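By letter and in written order, the chains are A, B, C and D; residue numbering begins at 1 in each of them.
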Amino acid sequence: MIALYLTLLIPLAATLIFALIGHWKHAGSLNLLVCAATFATSLSCAVDVFNNGALMSPGKLFYVDAFNVYLVLVNALVGLTTAIFSRPYMAHEVEIGRVDDARMRLYHSMYQGFLLTMLVALTTNNLGLLWVAVEGATLATVLLVSLYRTPESIEAGWKYFILCGVGIAQALFGTVLVYFAAERVLPGAEDALLWSVLKDHAAELEPTVLTLAFVFLLVGYGTKIGLVPLHNWLPDAHSEGPTPMSAILSGLLLNIALYAVVRYKMLIEPALGNHLPGYLMIGFGMLSFTVAGILLHRQKDIKRMFSYSSIEHMGLMTLAFGIGGPLATFGGLLHMIVHSLTKSAIFVTVGHAAHVAGTQSIDKIRGLIRTQPSIGWSFLLGVVAIAGFPPFGVFTSEFLLFSATIKGWPLLVIPLLIGLAVAFAGLFRHLQPMVFGEPPAGQVPVKANMLPVLLHLLVVLWLGVAIPDVLSRWLDQATIMVVGRGLL
Amino acid sequence: MPLSLAFTAVGAALLSGLLPLVRPGSNAAARLIAFPLLGISGIFGMIAGGMALGNTQSDSIVLPVGLPWLHSHLQLDPLAGFFLAVVSLVTLVAAIYGPAYVREYEQGPQPLLPLTLFTGLFVAGMQLVLLAADAFSFMIAWELMSVTSYFLVAYQHQHEVNRRAAFIYLLMAQVGGLFILLGYGVLSGFGHGFDFAHMAAATLSPGWSSVAFLLAFVGFGMKAGVVPLHVWLPQAHPVAPSHISALMSGVMLKVAVYGFIRFSYDLLGGIHWQWGALVLFVGSASAILGVLYALMQHDLKRLLAYHSVENIGIIYMGLGLSMIFAGTGHQALAALGLIAALYHCLNHALFKSLLFFGAGVVLQQSHEHDLEKMGGLIRRLPVTATCFLVGCISISALPPFNGFVSEWLTFQTALQGPVLENNILGALIPVAAAVLALTGALAAACFVKVFGICFLGLPRSEKSAAATETTPGPLAGQIVLAVLCLLFGVLPTWTVGQLEHIARLFFPGGMPETTAHGWLWLTPVSSQVASYGAPLVLLGIGLAWVLAWLWMHPRRRRFPVRRAPAWDCGFGPLNARMQYTATAFTMPIRRIFRPVWPITESYRAPTAEEQGGRYQLKIGDWAWLKVYEPIGRLLLTTARRMAMIQGGNIRAYLAYSFFTLIVLLLVVSL
Amino acid sequence: MKGWLLALVQTGLLAFGAPFLAGWVKWIKCRLQSRQGPPPWQPYRDLLRLFGKEVVVAEAASPIFRIAPYVVFSVTALACSVVPMVAIGLPTAAIADVIVLVGFFALGRFFLALAGMDVGTSFGGMGSSREMTIASLAEPAMLLGVFTLAMTVRSTNLASMIGYLIEQPFQLYPSFVFAAMGLVLVAVAETGRIPVDNPATHLELTMVHEAMILEFSGRHLALMEWGAMLKLMIYSVLLCNLFLPWGVAVDFAPLSLLIGLGAITLKLLLLGTALAVAETGLAKMRLFRVPQYLGLAFILCLLGMLSHVILEVN
Amino acid sequence: MTLTQLPLAEQFVLTLAALILFTSFLLLAQSRIVSLIHTFAWQGALLFIATCLMALTSGRHHLFISAFMTLALKVFFIPWQLRRLVVRLDIRREVETVGNASLVMIGGGALVLFSYYVVLPIRELSFLATRNTIAISLAVILIGMLMIITRRKAVAQVIGFMSMENGLFFAAVVATYGMPMVVELGVAFDVLVAAILFGIFFFQLRSGIGSLDVDHLNRLHEVDR
């Protein structure tokens, strides 16, 4: 219990400290330390959950079960590794004068603030608070997107702000509707928005209201997931913000939004008795998957390209949860982990690559393997992993998704297959010239810390070869929560 | 017992890949560690495979890795054993051939490490594919094989063409992998489990089983390189290092064949003759088109790659026949066809890797890719030339070498067509046999061209005139394979006897009396119907030769051979440019089969300022022009259209989410 | 044992009878063209003379050039031992069936063509190119024709094919008619006779076989020439015994053997005459007409196949 | 029951709802930025009154807190800050060109009907007298979106966004007597932060793009120009 509180308090404190004290030489290191502490506490919290089941704070405000505990872990881990990466990276940015101290202050404090909101969103038991936290995440990151103050970055920031704000507002309306439905079941109760309460009364909730509510929630949180056609903010925000930001944005934020949607699906599908949420999610997932995969072929900016790949994978997960059934759901849950690990690793390498080449434009980055093998190879391997090649974990989840799809929705397999091939081609046609071949003149190695990438890829590899017992049990419990029956 | 040996083999292969990582800097270390381990892996694999081929019951094991509810099953039955032996044999030879061969790359820009690393993983991947006994492990091993070979193709990535080839290869491998995955998905859906035992137990409706079959056919065909899924082969093989080309073309394609056999014979079962007809048709098409395209190539390794397409086609013809007979209940004949196919797998592995090794030496010593620049190399590289000649004879299916036996068996299977009740099928099968005959004849023509242009005549460039014989290592590798080509050609009975263990797995009903008449006679159906005494053929040729030689002997002493310049019709001495070129050699065939290739020909007559006209000939590939390029164009146009939704105007974006909301609300409140 | 002995004798007969057949054809041809012409046994003299001559080998020639004649000859000789000429049921007949026989010829041709390319003259290359082209078209046609027979008699072993046909009471297979015509065309092409090739000319526009052996001399040339004659002989024997199997000895009794010898001699002489007549009447055709010619052969064999399937399988 | 049977207070609430809807129509139509801000403030005021009334009639006193938060934020702080910015950025005079005003108006009307149609099922359920107001609040939200879509000036978009928030808040109040306190606080906090951030962004836009016209934000796109 203490661990959970600490997990939330440490980032909170850090946010304030950074905001008050401002930037100094070792801010980066402190940032790193804080993240390490958060990770440690979240780890002990996970152990706690593993030993004696789901965790409920006295105020019923926070609730950690099998579904969100591993996401908390992933969050803390990615936060930590990204902090490792961000220290030299941002230092380099300061050197070349892209950001000044004031903005570094903003950066660090908002970095922690962002992690805080993520963790709150994950661990909270109150659906309203969930919304508040997700909105808070937007607010925390919006200034970081426009950190460089270039016209592009400002434009990206504005779009991110408005689109997500409007979207999230709809989610709030959805939440209100859910609360409204809940109030009829348990009138006047203060805890009518508590997940732990609602999930027991799910069956009694009013279907018609919940149908409307789900539409609003899907459109709202879907904007944050980056579902086509609500995705337009995503590539801009990813490509224009500082790379550590992009890493945690597509590594964590999208996951959280998806987590929210799935939570609501767990709540609403039993109430409805039909499969409507599933159908909607399948539709959105398929659309996003295909469109993003095709658009990959037109990318000129390396970070933008990978943000599209994020859209594609979020679409895949949405599809998985939409299809439902233990296989697909297990695959989706697993994919949440492996994707956020792999994608953040890729963004780390991408950041270094951009420093090596001094630009983000794809056709200026060449021959990385020759210039700096460590970056080149890890970049290559990362993309191989995200493209779904074994023995990396992404393959495992896609394997599950495929076998579930061909069982449940044989016809969906055709677009799925084409989409995967198209997306793969889109990634590699850009990747190959970047890593292979002769480097152009003036492309010099940079000081890079490849530990995060190595760590992530190793974990992903591990998950691909053999899923550890702990995790598989959690995932299975989560699967049971979502679709009622598990695999083990 | 065999399984543990097989594990040793896999382990050694993995080690040969990973161990050099401890000394990343040094090329020598990589070379000295990797190849011996690869050889060890080959040896153990051969022993394991041989033992597994021998014993009837397969031994299996379950390792605690993989999915939590599906640990990875591994097993080794005669089928897997046979292919394991083939893979390991070529691996062993590659390990003999490699060390001296890769020295050239040490001067190159790339370190040796990636090469050795991915070679080891590649071999391990292939061996694991053969051992895997559940869909998940199979797919993992399969994709491991694909990815590592991708890195090997892309090893010399400074050339744009290599990157392009690697890209196309990996893309098609990926798509193929997805197809296979779906095939397994169907099976597991009906069999309620991902391990082969459950899948084999699954009972499918004819429709679904045909779907599964088609998925697997496309998936494995993509890797095996049947027309029109072959386009990656002629691009990937030429650019990979030669011993890798040998492994890929000689062995990896066989692993694909293994997958196909495993899927359709073992897991799917209940074969329909229509499948066989499809396989036979596609096989024939691949065979004939493969050889016709090969005839037109000038790049030695590209030519060999197209010949892989041809030989895979022949293998598929054997499989197709076997399936047709199996589908119509003629078990013995089905077994015969399967045996023929498997035998050809072995043979192709032998002579194709032999040819690739030879080509590697030629390329390395003469520094020429283009046949038109070679010539007269037999005097510079006598041993290589001899081994290459053996390879040429074998691949042209000429007795008494190994290629002939398997094609002969295929013929014999085809000739049993009339036993089918379905007359049309019975008539079409011999036509397929005629296609096979045409293929063989064209292959012979092609390899007369290759050997004649490359090794005989006068050298067409300084570089090839200055070529020198290579070091013992590569030579030893080639000699071993050449000897094996002859052995497997002369002792077919023993080999077939071994292969019958595999056929018995799937056709317990009946066995052909192929080996019933002793080691001397190969009698596919009965001694009355057809017989082939390979040892006697060799003996007879030798006998006639000796007789002729003895007859000549006294005269030889009286009139020793006199050397003189060749007859030049009285004008000028002969020079290299007067010789027939590869292009000229194949001109008649080009003219006869004109529509088969997209040909662009241009001739500029000699002008005042330029002596000598200029003749240009470009041979494309219809499959590429008519199937793959349109797809690519379609994709790009779609992308351009789709990009319109992202015009950059935020109000438009808001409108999207607005209308999405409206539409959804309408939908749910309807 | 007796069988093996007989087989050896028969092989010898075939081998040493071949030059006579060639001479006979040439003689008849001259007669038809109202020329004196050399006697039928002239080829024996030629061969002996060539064996007596010294060998001149081009400087550029490689060992291939020198082993080629031996390979060509020995393979063809081995083929002789397989063909049932006088009697069937000889042990050697089981060594190889008709497909292997085709394989033998292919092997011989392979080395012949290589030898043609070895010296590096343009003639050699031209000859090899044409030879391989023609062969690659002729082989499938031939195999298809053979398959037609094989399907009727359910065997590809020459001996058992002929045996089956003898045992049967005479009956007319429509498929055989087509197959016979097709195989005759193929045989003409394979043995390099008019109208496909002209063994008597050295005009570079037309020659195929001659172009390849242009550089050979002395005993090498002798072996090559002899090999060619053997080939003609084998094809003739095959045609005779497959389509007119009467008289072939089914047992090793002296009388039946004698009858068999007489029968085959008679058949061969007739066939030779027919060939001579045809060659006199026809003109050598352009190289690029040959595909159509062989295409005709292929079509005939295919028709034979189909008529077998449609008309004869009950 | 019909309107006449309702107690006066609730009739009053309904009237307020109608007025709120009217204000958002005004927002939709308003072309002068300053007057936009004023209208927005008025909407906030109406919302404040409505909340107080609900609090009184239902006796849920925590609603007063949220009511006063509304007053502070939506009536004073945000309009004041926006006005200050407008003055400092000197865009007081700028006239917002509304694309075909009449059409937009018709659109707004259609949205009202649509939202009424959509929330019919909810209407059937609610045991609050003020249930019809849910339709109004949804209409306010949708009209707010419509406004963001049709306006080109960043300030106008912000106001549209904020009026959406108003709609949400109103919905919460009238449908369920407001959300749990913690949520209310969180939402209010978010709105506050958002308002501040908007302020920052105006300057960034002005300095970076050179204008507050969002149609000039077209550097990032996928089409090749």
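FYI, contacts are C-beta pairs under 8 Å (C-beta built on N, C-alpha and C of every residue); 3 or more make two chains touch, one makes a residue touch a chain.
By chain, with names taken from UniProt: A = Hydrogenase 4 subunit F; B = Hydrogenase 4 subunit B; C, D = Formate hydrogenlyase.
Values in this document were obtained by computation on a predicted structure and should not be read as measured data.
*Asks:* Going by the average position of its CA atoms, which chain sits the greatest distance from chain B?
*Replies:* D
*Asks:* Using mean Cα positions, find the chain sitting nearest the overall protein centre.
*Replies:* B
*Asks:* Look at the interfaces B-D and B-C and say which one is made up of more C-beta pairs in contact.
*Replies:* Most C-beta pairs in contact, of the two: B-C.
*Asks:* Distance-wise, how many Å sit between the C-alpha centres of chain B and chain D, to the nearest whole number?
*Replies:* 70
*Asks:* Quick check: how many Å separate the C-alpha centres of chain B and chain C?
*Replies:* The computed centroid separation for chain B versus chain C comes out at 35 Å.
*Asks:* If you average the CA atoms of chain A and of chain B, how many Å lie between those two points?
*Replies:* Roughly 44 Å, centre to centre.
*Asks:* For chain A and chain C, let me know how many angstrom lie between their CA-based centres, rounded off.
*Replies:* 78
*Asks:* At least two other chains touched by the same residue of chain A: list those residues.
*Replies:* Residue numbers touching two or more other chains: 158-159, 162, 166, 170, 212, 235, 295, 298.
*Asks:* Which residues of chain B are in contact with two or more other chains?
*Replies:* In chain B, the residues touching two or more other chains are 640, 643, 646, 650, 654, 657, 661, 665, 669.
*Asks:* Find every residue in chain D that makes contact with two or more other chains and list them.
*Replies:* Answer for chain D, listing residues that touch two or more other chains: 118, 121, 145, 148, 214, 217-220, 222.
*Asks:* Using the touch rule from the top of the page, what pairs of chains touch, sorted by label?
*Replies:* Result for touching pairs of chains: A-B, A-D, B-C, B-D.
*Asks:* Which part of chain A faces chain B closely enough to touch in the complex?
*Replies:* Listed in rising order, the residues of chain A that touch chain B are 158-159, 162-163, 166-167, 170, 211-212, 215-216, 218-219, 223, 228-230, 232-233, 235, 276, 280, 291, 294-295, 297-298, 369-370, 384, 387, 389-391, 395-396, 399-400, 402-403, 405-407, 413, 417, 420-422, 424-425, 428-429, 432-433, 436-438, 464-467, 469, 472, 476, 487-488.
*Asks:* Considering only the defined contacts, which chain B positions touch chain D in the complex?
*Replies:* 640, 643-644, 646-651, 654-655, 657-658, 661-662, 665, 669
*Asks:* Which chain D residues qualify as touching chain B in the complex?
*Replies:* Residues 114, 117-118, 120-121, 142, 145-146, 148-150, 152, 214-215, 217-224.
*Asks:* Show me the residue ranges of chain C that touch chain B in the complex, using the header's touch definition.
*Replies:* Where chain C meets chain B, its residues are 51-64, 66, 70-71, 73-75, 77-78, 81, 94-97, 99-100, 102-104, 106-107, 109-110, 113-114, 116-122, 124-126, 128-130, 132-133, 135-141, 143-144, 147, 150-151, 154-157, 160, 214-215, 218-219, 223, 287-288, 291, 298, 301-302, 305-306, 309-310, 313.
*Asks:* Please name which positions on chain B make contact with chain C in the complex.
*Replies:* Interface residues on chain B, with respect to chain C: 375-376, 378-379, 389, 393, 396-399, 404, 408, 411-412, 415, 417-418, 423-424, 426-427, 430-431, 433-435, 437-438, 440-442, 444-445, 447-449, 451-453, 455-458, 521, 527-533, 536-537, 540-545, 547-549, 552, 555-556, 559-568, 574, 576, 578-580, 584-589, 591-592.
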